């Protein structure tokens, strides 16, 4: 893979909690524009990997390089400003705010600040640009008609969709999704998949974590399997399905 | 002089330790910053005053009455104010200060602004340890603390109720799944914590002059100790109390009294920067 | 009627009303009340920036008021600077202390910020009492002159008059209201909203939450300093007992009772509670404090959004 194509390089990432190795010596590379899936049973360390990459946890060892920059143990907001956005396993939203307010906060880093704008407000043109960004995301989500509705009033699946929308407001080059389909009914999952397809078309790279292999199989270009913090397989979905170690480690936790 | 300062320090540590014990239980277990305990401390002293000095009953009986009444007030606070406030997600520190305001001003209305004192009921004699002296009464208090602290520790480890308290402090939801209601545990913890504070107030009433604002300063010290030692940790409270109690007396004796309080605050800021969970604390910040 | 138009009329009414208010009352006592209310409004507005808007509990604001007061007084009385320079000096020094305390402590979880501001409030009182060389200790500083402000002519305005002082305070209230409005409706306002609702989510979206928290805290403490300077030159005596924990607590109750996070709340709260407090000083002040304590507890449990929030939700049936 050419260097410029490697949007995310993770090398020997490790994290220990007390005596427990949550993630051991984890390495992989993400190509620009692909969809990578990270699967593993509950407790395998998937969310920990996310937290390590996005600055929510400090790693004990290892390196994370994003678009050629070393972001290891960098602070969350700086990582986000470099173009890396994420969602959360237990969906996080500004629940008491409306849909459009949520997305507007998502677009925060692109709003211009400074003392003059603080005291006298931004010029109309900039305000309109901000609203256009918000509208664009609302269109993508299909929530334009419900923009003034409070986020808490939506069913959980739609809230998760909105969560992705808020992350999209940050215009990420790499989007990390933590169990996006969990808690969605089939209709909502369809909507989510079509949203993600559109996101891909615009050139965003996607990294998905899920514990349901089947949900992720048909969707990802490549899959990495994690078991007890260690990578046990990596490859295309068909290759993974044949892998004996994967089959053994999943006996009992695979959904049929 | 050193022995005298040390003895004074040990006595101060004993008092701080008792109050901090009640606080660390409540703060560590229920996550409630109960500054109202300052008022309970004062009530303990005033009650002893009324029962012993005015009604003329036996001192021991007065102390017992003080403990019971203060414990009762603490429980009422918990049920009427803290539990509803916590359910609404309000900040318990604010509620506590509200209660404190009420208690202190009720005391002002009833007793006026003057300081009260009590006669030492017994133990006027002195004990000589190395080069310092300490009254028998104060020694008794130190001994009580030395017995009470391990007793509370054992209580938490060995009894059913004690284990329930520890369960709730570590994981409220998990505890309720197993059938341990956090409401009940809350009440019991408050009862015990308040009783300890009431006991302390009662015991020190013959030593210090007290007024309605008695306890305002000591509560800040006690909180500092609880945070310093680590919330919910009894060994931490003891260590913290010793460091701060003896430290303060050292500074007061060798430097000047004005700076002794400053030392406590500096220690607090330091521990918050270096190790926010306290020396023996386990909860992450 | 368009919503904006309605709002404009309300605001104009309020402005005109506040200009003519003191002229209705001949009683000096009521004029005195109005000035005090005005000063408290500035302070509670400042507190609301940090508490109502951003969700940070600060129990040390009276201390910052004191810093502003002492700085201004010392500049005017010892260094003979003009009043407005002293005022700005007070704001700057209060803001600096705000930066000093806010920068490290706003990194910690909210629980600890409260305790730190609480303790700092106590430390400030200790400093005012013990640094006798600067602050004159427990004796305080008496004989503070009324502000000397010359407009166009050479005659200074008579600011011993309570009505004139009211207008002075009113001008600053408008300034604070404007800044507060800007804090809410700007890029900073949205960042603070994120801080209050879900700080980690905000961080994951690229918001440098720590910087915004420190920023609003500095603005808030600076305005507390402004209130302190105005207070000092009105009462014309300050001492360590003027800026205690109890005062911090009062302002907090005023904010809570009035309604946090609103524009009207910090006006209603001080109005109501300053009147109660001053009136009860004539009888038994302890009663006022008991009422304050009760009000606080009842508010937390039954009306967490304060009077303004309650009215909005139940009478106007609007979401906050």
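Order as written gives the chain letters A, B and C; numbering starts at 1 within each chain.
One rule holds in what follows: contacts are C-beta pairs under 8 Å (C-beta built on N, C-alpha and C of every residue); 3 or more make two chains touch, one makes a residue touch a chain.
Not measured: the values here are computed from a predicted model.
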Chain contact graph, described as a line, ring, star, complete graph or other shape
line
Chain closest to the middle, measuring from C-alpha centroids that were averaged per chain
C
Rounded to the nearest Å, the gap separating the Cα centres of chain A and chain B is 48
Calculate how many whole Å lie between the centre of chain A and the centre of chain C, each centre taken as the average of the chain's C-alpha atoms.
42
From the C-alpha centre of chain B to that of chain C, how far is it in Å?
34
Tell me, which parts of chain C touch chain A in their complex?
182, 185-188, 190-191, 193-194, 197-198, 200-209, 319-320
Per the touch rule above, chain B residues touching chain C in the complex are 33, 81, 84-85, 88, 90-91, 93-95, 97-102, 104-106, 108-109, 220, 223-224, 227, 258, 261-262, 265, 268-269, 272-273, 276, 285
For the complex, give me every residue of chain C touching chain B.
57, 59, 104-105, 108-109, 112, 114-116, 118-119, 122-123, 126, 130, 249, 252-253, 256, 284, 286-287, 289-290, 292-294, 296-297, 300-301, 304
Going by the contact rule set out above, which residues of chain A touch chain C in the complex?
54, 56, 75-77, 80-81, 85-86, 88, 92-97, 101, 104-106, 108-109, 111-113, 117-119, 121-122, 150, 166-167, 169-170
